[in-house]
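Labels run A, B and C following the written order; every chain starts at residue 1.
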Amino acid sequence: MPDTLFGFPLAAVAGQVLVGMINGSLYSLMSLGLAIIFGLLRVVNFAHGAQYMLGAFVAWGLLEYLGLNYWWALVLAPLVVGASGVALERTLLRRLYHVDHVYALLLTFGFALILEGVFRYKFGATGQPYPNPIAGGLDTPMAFFPWYRLWVIAASMGMCILTWFVIERTKLGSYLRAATENPNLVRTFGVRVPRMLMLTYGLGVALAGFSGVMAAPIYQVNPLMGSQLIIVVFAVVVIGGMGSIVGAIVAGFGLGVIEGITKLVYPDGAGMVVFVVMLIVLAVRPQGLFGSLR
Amino acid sequence: MTATPSFSERHWMALLIAGAIVLLLAPFVAYPIFLMKLMCFALLAASLNLMVGYVGLLSFGHAMFFGSAGYATAHAVKVWGFDPALGVLFGAAVAAAIGATTGVLAIRRAGIAFSMITLACAQLVYFIALRAPFTGGEDGIQNVPRGKLLGLLSLQDNLTLYYVVMVTVVAAFWLIWRVVHSPFGQVLTAIRDNEPRAISLGYRVNRYKLLAFTLSAALAGLAGGMKSIVFQIATLTDVSWTTSGEALLMGIVGGLQTMLGPVVGAMVVVTMANQLSAFAEAVLIVQGAVFVVVVMLFRRGIVGEINAFLARRARLGPSPEAPAAPPPSQSARAGQAADAKSVS
Amino acid sequence: MPEHKVPCLEVRGLTGFYGETQALHGIDFVVQPGEAVCLLGRNGAGKTTTLRAVVGLLSKRRGHIAIDGRPTQGMAPEDIARLGVAYCPEERGIFASLDVEENLLLPPVLMPGGMTVDEIYTLFPNLKLRRKSPGTRLSGGEQQMLAIARILRTGAKLLLLDEPTEGLAPVIIEKIGQAIGILRQRGFTILMVEQNFRFASGVGDRFYVIEEGRVVEHFDRQSLATDHARIEALLGV
């Protein structure tokens, strides 16, 4: 087995691709949530990053105060975060549908500020550690692959494929797609579209919470984790195409890997590469890779 | 703009005189530095307002103009020895250039996509500011000299600087007012209210938008450049999206489609930030809460609500329409279209 | 057929607004169970607006609308649907992101009495042939048939059809006429908006002429035969 690839040590390449896939997993899941919410509600959920952070903190809290481990958190945290989303939609967000959707965006932005402020107040800007639920890893001649990281990649891909399947191939998904196109007509069929909007927002937000739980053992659980992630995710969404499920998944994983490789090849540019790619994509194809020009 | 002249438009002479008195005497009542900060941010908010309220495009990245002009001015004045006036103009020019470049990419898309693009471009600028050697990274550019305006007037004294800044900001506001009420401004409003119609009338819509965006960037740059001179420092915070968010907050709180809105908004937000400066987290929470409350209940902003209230009171005989909650987006909002598509 | 005391649909004094503009200035009509009633009139008269009001899509409206005697003021469209009303809009509303069968099966079955999928395919055999095509790949006539077909499963007995023959070739129009005839035999009640008077006169029992948001004339099949010339002049045919 060769030790270098294009002049870089193979172990390093493998390591960076792994990191890239991990980040890509998070980017995908987050973009997926945003795409689902945007697709049906036409709302850009600025609270997505904060809800991701909330998911991580719920996981931490479940362990700290109730002694419930990661596997419990993986199920409960998304439910809690999803429920908070349902409550937000039901009480405040839906009152803004009849005015310009920018106000809904600003509402979620305000909500994100509040959430981040509250957690920063309670926990400061430093992180809380969260234990790795699957210790050890796969030792190969090329590199050492921690089990947990492999799990994150597999679980994210699984979740993305499951979500794609539900939306594109099931009856429930067809209601969603139809309501995205013509919500009023769907209501005349007797479908409770307002309830669907509420649950869809909850689902998208739950995905953010789920991402938070997955991220907790890898990155520290800290109040700033959401705002650092969200801007990159927005760029990913623009690249993939706003409202496109496939675009979110492909762009998410793709950009994670590109970012990882950039870190190897040109470390200083790693933080910027997503935005540079975005500018290139926009110059060539303004609607994003899988988006449609509305 | 709406057909009914607002309160401020009807009583402009009185307001002008009152305003002049306030501006001339203010530095004897409050700290000149605080007032200058207020004015710079008011100009930043006004530049954003131009885009959001009058053109209908929500830019999330105005900090990139504000901050990069700050860096440009700081560098020009400190390292190249520019005259402060030239330095600030240089900053504004840099901001305009960035505005034109970003605008070319962003304006191709409408609505939300435009906003996302401006946000991402702003992040790119942030990263460049973080890494580039001349910006000083986390420390920023410090000890920016005040210099002598046109080689004659020393700006060391805060009071002197206050009057210089005041005159500049007032002139900038006047410029905005002129633009909004000019034929150019009317075309922009037409584009905001009904873009397809404007296109069918033969207007090169994208050119107008780009021009407005560049102007808005230049004004934000003017504010940023001045701020560098006033505080004698240019930092990363000025290019971060928290600054963009604050500018947006000021616009929303004050009122998006009003001239005085940014001023009122800036007063509220800057004062609030100052009072709470000891508690960084509290600032976030309060700002978030203000966003939520204003968006849910006072969409027209403080000045907008006052205008609407006074318009209702002043009505005699056949009632002109009170300005409705402003729709910053570009989609045509004819009642029929809204009824047909929206889920109420 | 026994005369029901309660009309299937009753509209009295209906006024409606799009924003600040008043579109309906007082519409009155009834539809008895089993009937086919046509709303006639020129473009912009308010016919579509009336249907939208009945189905719950006109947010600003006043006046009395009752379905099977049940007033619908303030009800959401999805609840009005559960009273047994189904709507086929003028633009047909075929969903592009769904195929023909998904479109057909989309409206849920709300109450018993609707047609089964097989019965629908028997009525519209060419829809069965094109089952898996994307919704928008159909011809105008096929889209219209699909739009009508999909509301037959729900169990709704009152069908609102907005311009079912608009833009279609005469051969297709005849097919749609036949389909509507079969639906009537099966007991469906039909309220139809039509600009094509020839088609409407062959299908409808009673007719209301709407002009500038008001009902200006009301006649039935018999009057059509006797008053032919005057009615045609009224409609500008």
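Here is the rule we use: contacts are C-beta pairs under 8 Å (C-beta built on N, C-alpha and C of every residue); 3 or more make two chains touch, one makes a residue touch a chain.
Computed from a predicted structure; not experimentally measured.
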| item | value |
| --- | --- |
| Chain centroid nearest the full-protein CA centroid | A |
| Per Cα centroids, the chain farthest from subunit A | C |
| Interchain centroid distance [CA atoms averaged], subunit A/subunit B, Å | 32 |
| Intercentroid distance (Cα basis), subunit C paired with subunit B, Å | 52 |
| Inter-centroid spacing, subunit C versus subunit A (mean Cα positions, whole Å) | 44 |
| Touching two or more other chains - residue numbers and ranges from subunit B | 338, 344 |
| Residue list for subunit A, restricted to those that touch at least two other chains | 184, 187, 193-194 |
| Set of subunit C residues in contact with two or more other chains | 57 |
| Complex interface listing, subunit C residues touching subunit A | 55-57, 76-78, 80-82, 85-87, 89, 93, 95-98, 102, 105-108, 110, 151, 154 |
| Contacting residues of subunit A [partner subunit C, same complex] | 171, 174-175, 177-178, 180-182, 184-194 |
| Contact footprint of subunit B on subunit A as seen in their complex | 38, 44, 92, 95-103, 105-107, 109-118, 120-121, 183-184, 187, 193-194, 197, 231-232, 234-235, 237-238, 242, 268, 271-272, 275-276, 278-279, 282-283, 286-287 |
| Interfacial residue positions of subunit B with respect to subunit A in the complex | 58, 105, 108-109, 112-113, 115-117, 119-121, 123-124, 127-128, 130-131, 241, 245, 248, 252, 279-292, 295-296, 299, 325, 327-329, 333, 338, 340-344 |
